[in-house]
Structures are given as structure tokens and as C-alpha cells.
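Note that the chains are named A, B and C in the order they appear, and that numbering of residues resets to 1 at the start of each chain.
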Amino acid sequence: MTDASLPTTPHRGSLIEVDARTRRRNAAEKRFRLYGLVALGIGLAALVILLTSVLSNGVSAFRQTSLVLEMNLDAAVLDKKGNRDPEEMKKVTTIGYGKLIDKALKEAVAAKGIAIEGLTDKDVANMISKEAAAQVRERVLSNPDLVGETVTVKVLANGRIDGYLKGRVTMQSAERDSNVTPNQLRLADALMAEGLLVKAFNWDFITGPDASELRPEASGLGVAILGSAYMMIIVLILSLPIGVAASIYLEEFAPKNRWTDLIEVNISNLAAVPSIVFGILGLAIFINFAGLPQSAPIVGGLVLTLMTLPRIIIPTRAALGAVPPSIREAALGVGASKMQTIFHHVLPLAMPGILTGMIIGLAQALGETAPLLLIGMVAFVRDFPAAPPEGFFDPAAALPVQVYNWTQRADPGFAERASGAIIVLLVFLLVMNAVAILLRNRFERRW
Amino acid sequence: MSEQHILRAFDRDLEAVQGLVMRMGGMVETAILDAAEALAARDEDMAEKVRAGDKAIDALEEKINEETARLIALRAPAASDLRTALSVLKIASSLERVGDFAKNMAKRTTVLSQMHDIPGAGGALKRMSKAVVQMLSDALDAYNSRDVALAEDVRARDREVDQMYTALFREFLTHMMEDPRNITPCMHLHFIAKNIERMGDHATTISEQVIYLVTGAMPEESRPKADSVTTAGIEGK
Amino acid sequence: MEDMRLADRTASARENKITARGVQVYYGTNHAIKDVDVDIADRTVTAFIGPSGCGKSTFLRCLNRMNDTIPICRVEGRIEIDGEDIYDKRVDPVQLRARVGMVFQKPNPFPKSIYDNVAYGPRIHGLTRNRAELDEVVEKSLRRAALWNEVKDRLTSPGTGLSGGQQQRLCIARAVATSPEVLLMDEPCSALDPIATAQVEELIDELRENFSVVIVTHSMQQAARVSQRTAFFHLGNLVEFGETGQIFTNPRDPRTEAYITGRIG
């Protein structure tokens, strides 16, 4: 009967010869593979272009040009009373130091016998960053015994000179630039040849605070990194327990009814809400209503927690749901209570998934800019926040906002800084994703 | 169980092995009739044919045993299927014994044809054989159609065969007492009669297998016995 | 071997451990178990057979209230263990499950060490006072599950690293470790190869000395091999319940006959 119902076998040709139909199918498959490769290529190209542009603009931010000068810290200028009292010495402003530095540079130029036509004293003094005087002053105030001695100081060069050495400023552009003259650039070449002008790794970029619009060479990410770190700590402390508790309740305990359905839908919706909306919410509730300080990591952390929660709850629930029911049954079968089942078996097995979701949520929060703009994290902050927990309430910046900030500034030196900051941000994100992958592999599914 | 198995190959196997039993039954019936005919007609050639034919019956039994063993091993029959397999073995074994009795009858026919005739004995044994063959044939029909009523009927008819045997036993006894020269042929004839009576018992066994097969239980041992030879005693009373 | 089987017939004379009367189970509007009465004898292997969806697993899960975890499932009727109704409001299913252990279809050891797998039940129920006692319980349970000799040198290695058959015996050891009185097995061999199946079956036969075993199986031959009593479920009804040998040689109900001879699916 079964034999009879089979259709009669059609006549087929030799297996050696490929028939037209098969050829068409093979061709279609080849074409499809090609489309896939092209799509992949476009994606990869976009990534390569992005990385190249960021790296080519930003890597130079990690090297900084400085002047190495022999400088006499004249006691007559810096400590008029001669008692080395730091309180007294604080009365001397950066202007006093600035003059000494200018003098030191002039002497150094003269000593090396560098003579450049048409170079004024002012031009020579402008080779030095406005930040240099502050650098030296800080050093002296922290060690008053240096006054009166001749010491070797390393001070920042002007941003344009830095730009010249990095290829951003050229002779041609200098002629059109009111901030720099070609003569200064020639002097820079000469100083370079004499070893007075050096390039070194720019630790200040990573540890230092932001600087004003006119001093790109002095600006750093320290406050922003600390601010971001504080916010991440707050997000982690709040969203891990809240997110996991909410997920466990929803996944394991909540009855399946219209209310829980509604909650589930809304969690999904919240995850899709534009982040700026959370910023407005934070502004209204945490700052205007609760009266928390502006620009503070605590507010940023709270806003980012709100934003991250649904993004953590969703993968956490998925991770809990992925634990095979057989494990739950096994635990219930030997007489474990529901709570014991969850905490002894389900949660440990879901942990890698939960941690991965957590870290990806944190990484998203780390890169989030829009809500922070609304709660005042965009403010110019030069002072480092205190250590936590008080520091949570001090004003601070945040990495992505710092990038946004710098791209707004006029001086081309900040474009380089912004790219440098993006690199730092990307490195943080890469490290976090790497940790996520590591965790996933480490706690490989063991059932 | 008119329903088919989900696995139809199982049905085919069961039918095949039961088909072999039916064929064996047919061969045995023919052997009995031929042997009885040969005895009545003192036909040595026919007797020789019956003796030779028993080999085929034995071979068939061997084949049934093999096939049934295969069926049990490969199909793991349960319930009615298991009872079918078991009854096939038992019926085949009974049929084989019946075949042996027919062969023995033929053997004695060869001897008897050399001796003088006991009048009426051939005819009586032929009648008895026919009755037994009818029982056997009905038992196998009952088996084929799972007919408990027919099987019960066959069991009841064993009584008639027993009565025939008792009658013949007395007749042979009389012949032997009349003339000592009759003793040898009568002894042979008596053994033949006893064997035919045993065939009837085997037909009964087959009917009982049918009842077991259908109901799952062996019938009660309330079968009417009419074989009074054991009670008649050696004195013939 | 045959003597064993003959000896087993006395099983029917044993006391009843579980008595179920008029059990009805509903999944939402679906009437899954219809008015089932069963007596599970003490220290006997009782097999539940029947086609898929006949309710045998559902009924098994009623015996330790595993169905409680399914919100839409509703159980009516009385199920008594030693005369106590397990669906009484005062009964905590957690306590019940310590007395009625369960082994599942797929071997499901916890992703922990072999030792911890077996020790888990005694730990959460506080059955042992110290480490030495726990060690003893673990060893005894593994011996009972015929696994001790194979794993005694690697008690700290993960239970999931064992072979399928060993895993299932580990699950049995884990169930046995809480000293249950009844052991429920839901198709315990369906994921195992024939050798492992035979080992588990042998184990079940040994467990009969101390426990009432109730086994759900799709393999009728398995039911025939390991059980003393067999219950045949069909479409939520208990069609026939009796001594295993009788069920397999001479079932009284035509539906049972049709099922065990392979005539209905």
C-alpha cells in the first residue's frame, strides 16, 4: 500500500553531469554568499574608518610637548619676607612665576646662541603655556625650600607649539594665525634641536583636570574619569540588587495575570525609552524635587540606574528562564523549598548570564551622554570630587560629556583632546566587554 | 483480536507461523486417513508412503519451532499474541505426536499384512480413525476461527473415541481368548487402537489450547472420561 | 530466576502504602485524570503504563504534589500515604517531598560535585548532625544506587561529568539520600542506553527491599521486567490495575490487551 502511494521515480540523468536546475541553485547560493560578504565588508569598513579617524586624531593627545628649563627660583620675587612661610608665599600669584619662567627661557635661548630675526621677547614668552606658571607655583608651594635655588623645571609648551610638533600647525597656517608666528615655530625647531623642547607621555591627560578654553595643552580627563567611576559605582550598587530581585520575583514568584503582563510590557517599553527622557525625569525629581546638588555623580548615578534597570532586568530574566526546568524539578523533587531552589541552584546557574547583562548595561550607562547634559554634568569642573561617599555629592564631570564639551570648543587643540577622550572611553568599554566575555566563558553552562 | 497490529510485519509473522500449523494439521490428517486405509486394505505400499511422509511432518514441526522462537525473540509478544505463540508450539508438538502415531500405525500395518486377518478390525479402526480425524480437523478449525464452542464440542467428542477404544479392547480380548494364534495380530491391533485413542487425546489438547488462547485460562478438568479400560481391569470385566 | 518471579507474587499480600480514591486532575478546563483509584503496596514496584498523554505522569506527580508548581493544575479526591491525606491544607509539600522522592526522565544532577549532589537533600532537611554522619549517608546512598565503586575516588568531581547511566544512578542516590518511603520514577531510563537501562532496572529491583517504587515507563517490556504490579492508563482513566504477570499474559480489559500487544498507540 505504501509502495503504491509513492510517486513513480522520474527519469534522472547521470550524477556526473550537473543539470540546469542544480546549476541555477548553486549560482543563487554563490550570489547570496557574495551579498553577505559585501554587507560584512561595509560594516567592517565603517568600523575601520571610525577607528582610524579616532585614533589618528586622538593618539597624539597622549603625548605632550614640554620645555625643560634651568630656572632660578628667585627668593626676592617668590618669598619677599624670606621666612619660607607657605601662607605668605601664596600671596605671590602666577604672574610672578610667569615672569621668572619667561626669563629662564630667554636666558636659555641666549645661552644656546639661538638667534632668530624678528623674534620679539613677547613671542618667546608666548612659547610657554599659560598653565606653566601654575605648574611651577604648585611645585614651589608644596616644597618651599626650593626657593632661591636653581632647579630644572619641565613646563608645558603652548598649544600651538605642541600642535606644530604633532603636525597640526604648519608654517603656512601660522602666517594666518594670530596666536602664533612662523618665527616661534622656527625657534621651536631650534629648541628641539638643542633638547630644550621634548615630547613625552601625557599622564596629565589621564589624571589631570579640565582646563579653560585657551589652554588645550593643559586639559585632562581626571575629573571626568573619576565622575564616571563614581556614577558606575552607584549604578552597580543600586541596579544589581534591585534588578536581580525584581527579575527573580517576576520570573519565579509573580503570578501570571494581567498585572504582571502589564509590568512586563512596561519594562520592555522602559528599555526603549530615549535616554534624554530619563534626564528630564532626573532633573525634575532628583534636583528640583529632592534637592540633590547639580552636576553631582549621585544624581547622574541615580538617573543612569533608572535607565539601566530595565536593560538589566530583561537579560537577567532571560538568564533565569534559560536555567533548565529539570534542575528546578530536581531540587523540588528532593524537597527543597522554592526559595532554596532559586538561591541554591537557579541563581548560581544564571549568574554568568546575569553578570554579562549587568556589565553590558553598565557599559551602556558609561557611554550615556544625553541625560547627564540635563542634570548639569556638562558644567566646567576643575576640582576633583572628594573620596566617596561624600564625593558622590561633589560636582564632577563624566567621560562622554567631556567629549561633548571639548568638541564644542574653538581651539583646534581640543579636537585632538576629544578624540583622545573617545579612545579612553572606548578602552573602558572594551575592557568591560572583555570582562563580560571572560565571565561568560569562565562560568560556561555546566548542565 | 481482529484488529491489526500497528506494526503490520508482526501480523504477517503471526499469520505465517499459524499457516504452517494449519499445513501441518492437513498433512497429519492425510497421514492418519492413509494409514487407516492402508490397514483396512492391507496395502503395504501405502503404509510405506505414510512412514516416509512422517519425515516431512517432523521437519515442519522443526520449522514451526524455529519460526516461533524467532517471533518471540524479535517481537516480544504479550497477552493474546504471547498465548498464540505458546499455543502454536504446543499444537505443533501435539500434531507431531499424532503424526508419529500414524507412522507407527503404518509400521504395524506392514507387519499385520503378513499375518492372517482379524475380521472387522480394519473397518472398525478406520471408523475410529475417521472420528479422530474429524476431531482434529474441527480442533484446527476452532483454532483458526478462535471458536471456543467448537473447541468445547471437540473435547466432548473425545468421549466417543474412548468408547470406541473400549469396545475394540474387549473385542480383541475376545479374539485372543478364542484363539492364541490371534494374540500377535490382536496385540498389534490393540496398540493401533490405543494410538488412535491417544490421537483423540491430542485433538482434545489442541482444543484446550484454543480455549486457553481465547479466554486466557485453561478449561476446568471436568472432561467426561469414557475410557473404562483402566477400570475394566485385565479380566475384561 | 523463575523462583524470584514466583516469590514476587506475594507482593499483592503486602500492606498498602499509598491509597488514592476518586482522584481527578484538571489542567485548566482539560480533565486529565478521571476518577482514579489506586493502591500502591509497600515495598513493591508498581508500574504505570499507557500511551502518551494518558495521564500516567500527571498522576505520578500528584503523589508528591509536583503538580503544585503548575498554576493551572487542580487536583481533587483523596491521596493518602499511611492514612494521611497529602492534599490536606496543613501538609507542606516540601515535607512531603522529603518522604516521597522523585527521579526524572532526563538525568538531572546538579552542576555540583558528586558528593554535594547526594548531600544536598540531607543538608536542607537537616538529617545529619555532623560531617561524619553526612559522609556516611552519602556513601550509603551511593552504595544503594550501585554507584559507590565507580565514583568513590572522585566524589569531588562534578556530577555532570558522569555517563548518562551513572548520572541517573546519581539522581537515584540523591533521591534515596533523604530516606524517602516512596520513590517515584518518571521514565527513568528513556534517555539511557540498554546497558545503563539494565543497571538501573536491577537497581530498582534492589530498591524494592526498602522502598515503595512507582515507575512510569513507555517501555512495556520494562514494566514487565521490573514491576510486580502494573496499572494501565488510557485517556485519563485507570483501565486496569493488577499483578504484572496477569496484565501481560491475560489482561482483562480489551483496551489493555490492545495496548500491550501493540494494536493502539
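Everything that follows uses one rule, which is that a contact is a pair of C-beta atoms (placed from the backbone, for glycine too) under 8 Å apart; a residue touches a chain by one contact, two chains touch by 3 or more.
Remember, it's a predicted structure, so these values are computed and weren't measured experimentally.
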*Mind listing the chains that sit against chain B and also against chain C?*
none
*Select the chain whose centre, defined as the mean of its C-alpha atoms, is least distant from the mean of all protein C-alpha atoms.*
C
_Longest centre-to-centre distance from chain B, chain (CA-based)_ = A
*From the C-alpha centre of chain B to that of chain C, how far is it in Å?*
51
_chain A-chain C separation of Cα centroids, rounded to whole Å_ = 59
*State, to the nearest whole Å, the distance from the C-alpha centre of chain A to the C-alpha centre of chain B.*
103
*Touch list for chain C against partner chain B, complex*: 220-221, 224, 248-251, 256-258, 260-265
_Of all residues in chain A, those that touch chain C in their complex_ = 255-256, 324, 326-337, 340, 344-345, 349, 446-447
*chain B - residues contacting chain C, complex*: 1, 3-7, 10, 76-83, 216-217
*If you look only at chain C, which of its residues touch chain A in the complex?*
64, 66, 69, 71, 94-98, 101-104, 106, 108-111, 120-121, 124-125, 158, 160, 171, 174-175, 177-178
